[in-house]
Amino acid sequence: MELESRLSADKGHILKAVLVVHNETSTGATSGIAELRRAMNRCGHPALLIVDAISSLGSMEYRHDEWEVDVTIAASQKGLMIPPGLSFNAISQKALSANKTAKMPRSYWDWQSMLKSSEMGFFPYTPATNLIYGLREALQMIREEGLENVFRRHERHARAVRAAVWEWGLEIVCTTPQEYSNTVTAVFTPGGHDADQLRATILEHFDLSLGAGLGKLAGKVFRIGHLGHFNDLMLTGTLTGIEMGMRLASVPHKEGGVMAALCRLAPTGKNLAAPS
Amino acid sequence: MELESRLSADKGHILKAVLVVHNETSTGATSGIAELRRAMNRCGHPALLIVDAISSLGSMEYRHDEWEVDVTIAASQKGLMIPPGLSFNAISQKALSANKTAKMPRSYWDWQSMLKSSEMGFFPYTPATNLIYGLREALQMIREEGLENVFRRHERHARAVRAAVWEWGLEIVCTTPQEYSNTVTAVFTPGGHDADQLRATILEHFDLSLGAGLGKLAGKVFRIGHLGHFNDLMLTGTLTGIEMGMRLASVPHKEGGVMAALCRLAPTGKNLAAPS
Amino acid sequence: MELESRLSADKGHILKAVLVVHNETSTGATSGIAELRRAMNRCGHPALLIVDAISSLGSMEYRHDEWEVDVTIAASQKGLMIPPGLSFNAISQKALSANKTAKMPRSYWDWQSMLKSSEMGFFPYTPATNLIYGLREALQMIREEGLENVFRRHERHARAVRAAVWEWGLEIVCTTPQEYSNTVTAVFTPGGHDADQLRATILEHFDLSLGAGLGKLAGKVFRIGHLGHFNDLMLTGTLTGIEMGMRLASVPHKEGGVMAALCRLAPTGKNLAAPS
Amino acid sequence: MELESRLSADKGHILKAVLVVHNETSTGATSGIAELRRAMNRCGHPALLIVDAISSLGSMEYRHDEWEVDVTIAASQKGLMIPPGLSFNAISQKALSANKTAKMPRSYWDWQSMLKSSEMGFFPYTPATNLIYGLREALQMIREEGLENVFRRHERHARAVRAAVWEWGLEIVCTTPQEYSNTVTAVFTPGGHDADQLRATILEHFDLSLGAGLGKLAGKVFRIGHLGHFNDLMLTGTLTGIEMGMRLASVPHKEGGVMAALCRLAPTGKNLAAPS
């Protein structure tokens, strides 16, 4: 594993932290955080493990303590189902100690003033109060459904989306099955067809907004979000918009993706509640 | 036509009014109001024509003046897209005259006090003010889309729903094609299968609430509403819920209804905007 | 009492019902329902007692059973604090029996179909569902404050309003102290001054809408509503708008009404919670 | 002026910026930014002028360009009337140049990436979208009232608040009249009386939340906010809550503060619209 060789080579411990995105929204790929941690532990390297869990928290299994993550960065606008504007950090004891001796100037982002205020239930600066009320409700919704059920729902939906994509004969950006994301699927349009034009057609005709390809994937990829407050019918509505949009935009594809998803979601003779 | 013979037989003009439901929500059947009017005119019978347009107004073509309707009764909660609580009457000159000489006791429903107050923009009794604000917004939405486009959208959706039902091999309650409703489709479950149990399964698994069979259709029929603020993806989401629900509830059907609807909505090589 | 003599004179029991408004919003006067009932009982007259409690229910003591009222008519938009659009009836056994033998034609208002449906938690016609959700929340708010406390609050506010009016040197429409309303106070503008012009000035300058005089009081009276979701500061804000408005509109008055209300609400050396 | 002597003494230009709070919310004092700028200009010192206009923008006159401010920092939750969660910078050409050569590490707060994205109407990171919609509406409200009128309204209210405080015989924290804030007034409770206990009494009895004294003013001061979507009646409601609260909490004061404010707001024989 490249991480392991890089860390082993860093005899002087110049590297201070390993930063990983748990769920990469631009490609729809998930990283194995536990495995990365084990690799770091094998090297005995003291770098901190910092994880961006923004688009996975509340949608996929994530274990800050068990996986020995030092800093987890999360936010309100994905699996937590509220508008953007809040961000959270979970911090290990090791990261807190590093913070106390670090020399980099900092002010608003300083954990110490945040921790000190929050002990009494306050914030050092004016917080986005409305979102905090929203968060309380969102957490209540997650509790009512059951966190494990929320995870299973996201997994079922992701499998159904991939079944549709494959039935259409399209290619998924993420090529490693164990890294398929449960919250977003990035899909290549067939050679030469402009993904942004397809997205525009779908938005205009079906009031459905798909994610754009980012960076070097721009124009070549569209992204399907399937996370948060989302159910089977929203999912098939979404896939229908894509299938009808490809037809309208004359993007070559095999019909039947929606049907394939539907079979995945409610297989004949099997109970819905069972993991598919 | 039965109406014609009944009216012709009423030499003494004992019948004071003909009451018709424009769009029958319990069966999903539409009446030809213009044709009924012509039949009444042929008889030269003076009865008033009173039409319940509650579930058609704003969703299907309706012409109070041109069809010489005397009283149209409409409401807020269907094609006008706002919560229940408001009702409206459109009244012909003939109905107004009849009202002035009628002897039936009336109070709250009396047109005269309503008309008098509304001349100055008031109401004789406390109106449901919030719904009036909502109505203003709803009418603005209809104007933005264009009333003709709203009608066409409902017609497209109704055709797609029927395509799905037929593909499933199920039977539509309304048996006369020119009377198919553009806003609601009532469907028989296959012999012996409890429609209410199917509805319960669909509600539980997909958070989708279908209409129940009413009166003698209770337990034998489920009803699909496709009106108001509704688009292609909501429609296919709805049909998907039914198709998956039938599978889960082991209601015999042929698969492919959703697919058939999808083909209806976006036929290959044809522009969406064209009436299908 | 006039009622008593009228009923006694009606030997043939031609009068079928006595209709009383519990709280008259146009004049700000409350009727003693219990006393009227006793008078009816003394005569031994079988007329039904029908009470309009629209602007008192939930704001003042009202006892349908104890006062032997036969029909109570209430609504959503006053003390129940939700938008207009719902109305309720409480019905005695005697009224129900009368209903069964009555011959007057009725349809929508018929209690029988309503009672039959409501046994199973349904409505015979489409109800104003949104308001029913609102009502549930409103009742919860009333329960949290305690119905007795809600009544006391309205009484305190009404006393404070009258203290202000008297300090201004203005006259209250209701002249019988035991009939003063706890939810609305109607006030005469001093001779010759147009009440509607004063109301317009107050609305324009302070965004405060006062009730107009109705019928023969039009132009001579303004009405102060003090009911529902209302607290001490909203009350003094309201009175301030009136006092400043009279100054701006050059309506003659003695200053100090707001101050007098304030003294009523928080008398020196007395606890707020004690009835003033 | 102290600033002038400090800057003149800094021959080596070690000081890089002068940071000023335009409106100090903890004390209710406003700084004369234009005057400070003139002092800086007289010294010919190259330091940047950075101003925190969070609690003044949209409520008091503020002129970024004319006063030659280099960086203005503002936020959504005060005069702009929307929930907390958005912050804005206005940046002079000089500040932009300094930014390009500065060596301090920065990331999220970096103007360059923000400026680059915003050229095309985008943001480099997920923005608080809901607040941006709110801001659009807030700016529309300010435009409808007229910015000059908004400023005048805040000035009128601040004068009325001070009239009340003086009538009560209490002391305002800010002792320099030309520095009185138009958006917040901090007031000392009379010697020995706990300001936080008074605030608690007022919150409990009147549902009115006053600001606490901060830092060395804790427990000695309460703060009255009078900014944003606020009108004469809200203001007198607020002052009433304080006057009644002092009575209930036995905080010594002279009665009549509300009355004094009321006289300030609507002086006899003068038009409301004229600046008082």
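In order of appearance the chains are A, B, C and D, and numbering begins at 1 in each one.
Throughout what follows, a contact is a pair of C-beta atoms (placed from the backbone, for glycine too) under 8 Å apart; a residue touches a chain by one contact, two chains touch by 3 or more.
No experiment lies behind these values; they were computed from the predicted model shown.
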Farthest CA centroid from chain D: chain B
Could you grab the centroid distance between chain A and chain C? Build each centroid from C-alpha atoms only and quote it in angstrom.
57
Between chain C and chain D, centroid-to-centroid distance (C-alpha), Å
43
Quick one: report the Å distance separating chain A from chain D, using the average Cα coordinate of each chain.
40
Residue numbers of chain A (touch at least two other chains):
none
Report the topology of the inter-chain touch graph, choosing from line, ring, star, complete and other.
ring
Per the contact definition, I'd like the list of chain C residues that touch chain B in the complex.
75, 77, 83-85, 104-105, 108-109, 126-131
Within the complex, which stretch of chain B touches chain A?
205-208, 231-234, 236-238, 240-241, 243-244, 247-248, 255-256, 258-259, 262, 265-266, 268, 271-272
